[in-house]
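Got a structure here, written out as structure tokens. Questions coming.
Naming follows writing order (A, B, C, D and E), and every chain is counted from residue 1.
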Amino acid sequence: MRQLKKPTYAQVNDDIVRTLVETGPRYYLALGTALLVSIVLFFLPWYYQLRTGVGLAGMNQPNVWGSYLANFVFWIGLSHSGTLLSAVLHITQSPWRKAIYRSAEAMTLFALIIASLCLFVHLGRSWFLHWALPYPNQMELWPNFRSPLLFDVMAITAYLTGSSVFLYVGAIPDFAAVRDRVCGWRKNLYTLLSLGWRGTDMEWHRLGVAYTFLAVLIIPLAVSVHSVVSWDFAMSIVPGLHHTVFAPYFVVGAIYSGTAGIVTMMFLLRKYFSLESYITTTHFNNLGKLLLLLSLLWAYINMLEIFTGWYSGSSAQIETLNYKLFGYYAPLFWGMVLFCAIIPLALIVKKVRTSLITMLIISVLINIGMYIERLLILTTSLSRKYLPDYWGIYTPTLVEISIFIGSVALFICFFLVFVKIVPSVSMYEVKETLDTPDRRR
Amino acid sequence: MSISVLPALDASKKAVGIFVVGLIAFVIGYWVNRNYFSDATPVQPIEFSHRIHAGENQIPCMYCHLYARSSRVAGVPSVHKCINCHKVIATGRAEINKLFNYWNEKKPIPWIKVHDLPDFVYFSHKRHVRGGVQCQTCHGPVEEMNRVTRLASLQMGWCLECHRAKKVENGRDCWTCHK
Amino acid sequence: MAAELLGLFSHADQALKAAGGLRDTGFQEISLMSPTPLHGVEQVLGRKTSAIKRFTFFGMLTGLLAGFLLAAGTATLYLLPTGGRPIIPIPPYLVISYEVGILFAVLATLFGFLVSARLPALRERHYTPETHIDRFGILVTCSSEQDAERARTIILAAGAEEIRQLEYLGKKSHEQ
Amino acid sequence: MSDSDSIKEKWKKYRNPGYQDKFDYSWGMVIDLDRCTGCEACVTACQAENNLPIVGEEGFRSGREIKWIRIERYWDGEYPDIKLRFIPMLCQHCDNAPCEPVCPVYATYHNQDGLNVQVYNRCIGTRSCAAYCPYDARSFNWFSFTWDKPLDEQLNPDVTVREKGVMEKCTFCIQRIRQAKDTAKDQNRRVRDGEVQPACVQSCPTQALVFGDRNDPDSAVSKLAQNPRGYQVLKELNTNPSIIYLKNL
Amino acid sequence: MLNLNRRDFFKLIGAGSIGTGAGFLLGESMKNPVELLIPYLIPPEDIVPGVATWYNTVCNQCGAGCGVMVKVMEGRAKKIEGNPAHPVNQGKLCPLGQAGLQVLYNPDRLRNPLKRTGERGSGKFQEIPWEEALTTLADRVGGLSGPGASDRVHLLSGRAGGHLDELFSRFMDQLGSRSYLQYEFAHPHNLYLANKLLFDEERLPYYDIKNTQYLLSFGADYLTSWLSPVHHGLSYGHMRQGRPGRRGKFVQVEPRLSLTGANADEWVPAKPGTEGLLALGIAHLMVRNGHYEGDDQDKWSRALDEYTPERVSRQTGVDAQRLASIAEEFARSRPSLAIGGGTAANHTNGVSNLVAFNSLNYLAGNLQKPGGILFNPPSDSPSLLSASPHKSQAPYARLLALMERLSKTKDSLLLLHHCNPLFNLPDTVEIKAAFQNAGMIVSLTNFMDESTMMADLVLPTHSYLESWGDDVPEPGVGFPVAAISQPVVAPLYDTRAAGDILLLLADKIGGDVRNALPWSNMEAYLKSAWKRIYVEKGAVIESSTFESFWKAVLQAGVWGETGSKDAPGVRISGKHLLSQLAYEAPRFAGDQEAYPYILHPFVSQAFHDGRGANLPWMQELPDPTTSVVYGSWVELNPRTAMHLGIREGDLLWVESPTGKIKVPAYLYPAIMPGVVAMPIGQGHSAYGQYAKGRGANPIQILAPLTDVKSGALAWAATRVRITKTGERVEILKTDGTPRELGRNITGKRITMIPIDASPGELASNRVTGPNKG
């Protein structure tokens, strides 16, 4: 990789505004296909399911939760690392986050939106979902705040607002920079978005303080969101789900799958928006180290969960363990262990961490493994509960697979629109890493 | 040059204006439908006037609606009961002829329901009549109505309010009113 | 008559030197516009700390209280006992109040930031696009003609590439 | 909960677990496994009484049968000394039911009759109650089922026909309980023991199922509950079910 | 704001109109659909809308004759419950009884008379009015009546109890034909004959399971299909837990564990057909150990000495030690009861087996004792007695004779009433020939079943909930009982009750037939019959006039002479026993090598003998022992299956000497290795959408062997061969893993404190009821 000449300030502005304004035919092609795929594979099957009933999915009596809930947990997982990564690294002042944190935060926001969409698809009668929101109504009925699902509702609204505020506040200076370079409807849009930001020292100082406070608030919020999502399962007395280790297990899983998601996105962003000079191999190197750390942590907690199950010795726990390790879903389980625990060990080698293609492959495999993990948590536990005569097998149907693929396409749609509306790399942060114009260090 | 948010707002002022007009129109349209096209007073196949029967002639409610004290449904009088009186009283009127047409063709009169609760609601006239609730509380002053109209909303909140006011035992338990 | 001077520099430390000079000679309304947040500008211009942390703190407090009240209050409006547990169980409602607490804190921080940074700017204020690309600008208001002359000399001494004389826009144009 | 109580009293009342300490009636059932022959008369009686849909061959293939009470069979031993044990499994109306706190919209809660009540038109179909129930006593309407033409004449008007997306379970034939309380109220007396019987209890040929009010000590259910053969299924989960099984000797 | 240009103005107008329109539509969409309130024309006096009325009638789904009450709201039957006043079922009911409403409201019910248009068996029919149907039938029947009519006019009915049976026989007598037969697959011919041979009482005694202490049942599946399942259910419940401190023991001897066997304390798998030998072995041990003190002790020991335990255990496969313990316990615990039925009574040696079982009862002294066998005292009103249909029930041999006469004589006429011989009889060549070239076949039925497909004229009948009739329960309840079935709802379609059809026919034929059957409809006929009973039993009945008596019986749904319960019992002597005592080995169709397995068909709980297959609730009722729904299966011992390389769901050819069917395999853990079991009931080729083309019918491949003595079909005497077809199909089951895996679900492992334990200890283990847990 030849070392690129460090861009000057002016070049930074030009590059990023160019990614914003010029939209080549390839972009429209990508956006068109993504939109088409998401409509055909997500909204049409969903509408069909709304008319005929959730029975289209493969769920049956004992395992009443299927891949829709796995989608929900997977997308919530993907949404975590964006904010966590940018918030944690902002507090630790690490320089290499500056180029990637904006798109990571955007990934958080859109993954959250897709997650709540998947929740709507999961519900049996989603047209009454508004009953789960605390609004005064003539029936004098309120949602049941004792339920972990209501923790979900509150946590996700808090996290949605939190991460969108965090993204917006960080992007105000960039909106101002773009405001001066564009015209027409974009000018009005960016003037409104930048709230008349002038870049005076007083504004910078206030921004710095506010941004740090938000970062400090977002981190516990993100951890609480995913432990609340794990409490949907851990609060039950189903033998496979009723473990106290579920909250940290889900949070680690979330960060792990989110970081892998970031690596994938970095690669695509770098390749198709020619941001080679901003997203450099050091980013991939550091992310690789982070992935290695998380994969070891995840493997440890997984082993921990199995160990506590085995140690309890109760017939229900042992049966769920056997079923998970050697039962109907065993190949999926061992595939997951291979993808999420064994392959990432290759990240120890620096050459692997810095070669982009292998990082992409490893991150995609990790995300596949994590999706399987979410699916297994549901199926291996729900299909074998306390009464052996009522055990059953769950296999996803075509409708569920198409809805998952549709949700990925929808995510790509959101992201493509984001890249054209909000500058995907934060200009003022990148400028900080460069030396001031023609000052020779 | 100088910078402020206002010029950008001006551009969108026109769009916001149009939206507000649309909103106001929406509210007006809804209000017009509710008040002038409401289904609270449907036109019945025979212009039966409660005011004449229950108001002036003081016929008690239970005379026609027999089962109000003994069953869930209050029951609507059979055609035979109408014929009993109208064989003799006021036989010439147009409406009474319509009644006799139905009777001669042996077809029941297809009355249109004014107070109709959804199917999942368990409402027992017996419990309310024996509980001392007057017919007028829910059906309104029927003895003054030429054409029966629905005054009460018959919504859940309205029922709950009365149950709380009257301190009905288990009044707020879901299965008291749901099936 | 009052006037505003805008000095553009190509380097951050030149702008800082100019700002220090102006500050020492008694100018009050100085603001330094830069494409990136500059460290050390507070000591030079002596800003007081922001009020944002009070917003966040009170936001968190009200949020915690509102969350608990929301959960406990609605449970008592329509008494539906579930699972043999009390109508107002503490553990679930703590989680709700925690979530609502953070939600209110985030919103309060945003509101605090907008208030303390005087955004959204409704009044016209001087601005040049270059300070968002690679130039550093010093904007100073001078009440009289000789003040303007004195400021001009200090800015030029610090090595400004360009100076513009702008007409005066509003009374308290660039307060803290 | 008259609003005359002071705030302090209210707070104390709201904070006591098992909020309704005194149930009007605490309906419970005793199932004598020594009498139960597994003939499934209760299953058909329940299906006839509560408008359970005909799920069709496809429904069974995808494991979506809707049964409020089912007979579970457990083999014991190998040929030739083998034994087949039957156990009727239905909603146990647990006193601390795991399915009630998890419903986000109060579609299921514990009413003053000690019953775990499922309100069909409040349910939004998250199905978490079915996931949480250790007895798998809940069935979900995956589709809106239809009845071929004259078969719908048989539908019981006292029980709603559920649409798709709604969870349903055994309600101890609450429409019969309401009917009995209605007549009892007319004669202003309490419901006598044995006056209200769910469809399964009324139809069980060997009288293995006994239903009654556990609050009144001399009801058949309370007496049978003292039987030393009595046990509760999955008692170690502390759901405190109101159905007591008598062991098959 | 006011600087509007033309475009903005139009935009405003557009927004305004769209807004009002949307508001209007929202209001419109929130309106409830218009519903009509239809009053009665003339209010019927007994119907209060919203309040249910209960009518008593008799269940006709099987032969037991339980009394039911039907909840009717606004003229629609809503629920069937047992009639608490009826002594047979005392308010209880079996699943088939509960599903009675689906017979009434079945979508596939025939609605008006049909005439065949295509050639016979094609199933093409054309609707004709009642008038035309009755006149054609009346002319045909009229022409055939007179001398020698018994070869030309035949009436084959399913079980028709009470005075309907009397009406049938009167009608046929008028036509001069004696060929009136009833055929029911599960009718216990052998049991009647055994009782006649031993106690010269050709009726079923009352098996008092309720008060017995030790019940030894040879193959009698008395909780699902044998005689009166609901009554036996009640007795079984009482035997187990009805008497504080005493719990009856129950041992079941059968090659395949049935639902009844599953509830036994001991399951004794004996080789099929050798149950009689087992009973004689037990008798031998009882007599040898001196448990029989009767005076002819030596005669008995001589008669029984050849049945030594070694020989018996070798031939039956039951080890001698177990044989001894059963004999010991059967003799010692008083009162004990031995019953036989199911496959044990339907081998070629069925009657001799039953004789052996009754010899056990005799030796243990159970005759005419509570807890043993009680013969009901005969009712002194002859018309009640005449109502028992057994005398017209035809064993298989007489049926074959009818089939031959049917196909031999030219333009013969077969009247079918609720009977489906093509399904319930093995399809041997005689039956097919009979149905092919019979002159005319007329079917009085509710549904288009296999035999009705071959009919030339189909007359749709009322279901049993819409028609009049009465019924005397066959095994009775210790005293004579009769119940009246009355219509509970107005008839749904333009159908007629079977009795009415015959009376209308009689009227149309005219002449002496008309004045022999002068009644206008079944109700009038029934009233006249019951008037005779009222006159005979005048002394006992309180109600003054016949009308009030009739109304009282309709109200109660049942009437019985309770007084005669303690009348002197019938004198039963065992004198014939010794002469009849003999064991002959069972014969099986098909030799051992070519057909290695013995087919063990069993009458299933939900379909009885196939009549319940068109009821959706019954198709959806999981089979009690295998939990299979919507299909049939063949049960194999897991070890033999593994040995043959068969897994669950493999489609197999089950081939007997006379035919073969394709059925999926089911590994049943509780069946003898040499035996293969199949449920009866599925495998219809035409019986409505729920039953058509589902599963296979084992009766088809049964060899037409008959019992040596009684001539009844020996449906347990067929050997079969199993071959794999290579295809696989998924058996629909509702069970996951039917093993408890140590989770104490059925309470096996709770520590049971004996009743007389010290109160303190008892308290700790007692499970307190109220919610304090």
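In the analysis below, contacts are C-beta pairs under 8 Å (C-beta built on N, C-alpha and C of every residue); 3 or more make two chains touch, one makes a residue touch a chain.
The chain list, named the UniProt way, goes like this: A = Hydrogenase; B = Menaquinol oxidoreductase; D = 4Fe-4S dicluster domain-containing protein; E = Nitrate reductase.
Since the model is a prediction, treat every value here as computed from it, not as a measurement.
Taken together, chain B and chain E share the touching chains A, D.
Here the two chains linked by the largest count of contacting C-beta pairs are D-E. Closest to the protein's overall CA centre, chain by chain, comes D.
Taking each chain's centre as the mean of its CA atoms, E is the chain most distant from chain A.
Averaging C-alpha coordinates per chain and comparing to chain D, the farthest chain turns out to be C. A separation of 60 Å divides the Cα centre of chain B from that of chain C. If you average the Cα atoms of chain D and of chain E, the two centres end up 31 Å apart. In terms of their C-alpha centroids, the spacing between chain A and chain B amounts to 52 Å.
Between chain C and chain E, the centres computed from C-alpha atoms are 89 Å apart. Multi-chain contact residues of chain D (touching two or more other chains) are listed as 18, 65, 72-74, 95, 98, 101, 103, 106, 109, 122, 234, 240. Touching of two or more other chains is recorded for residues 735, 738-740, 743, 745 of chain E. In chain B, the residues touching two or more other chains are 3-5, 174. Chain pairs that touch one another: A-B, A-C, A-D, A-E, B-C, B-D, B-E, C-D, D-E.
Contact residues on chain C toward chain A in their complex (touch as defined above): 10-12, 31-38, 41-42, 45, 47, 50, 52-53, 56, 67, 70-71, 74-75, 77-78, 80, 82-83, 85, 89, 92-93, 95-96, 98-100, 102-103, 105-107, 109-110, 112-114, 116-122, 125, 127, 129, 131-134, 139, 174, 176. Interface of chain A with chain B (complex): residues 137-140, 187-189, 191-192, 195-196, 198. Of all residues in chain B, only 119-120, 122, 124, 126-127, 130, 170, 173-175, 178-179 touch chain D in the complex they form.
By the touch rule above, chain A contacts chain E in their complex via residues 62, 315-316, 319, 384, 386-392.
Across the complex, chain D is touched by residues 52-55, 58-62, 64-65, 122-126, 128-129, 131-132, 141-144, 146-150, 153, 232, 235-238, 382, 385-390, 392-393 of chain A.
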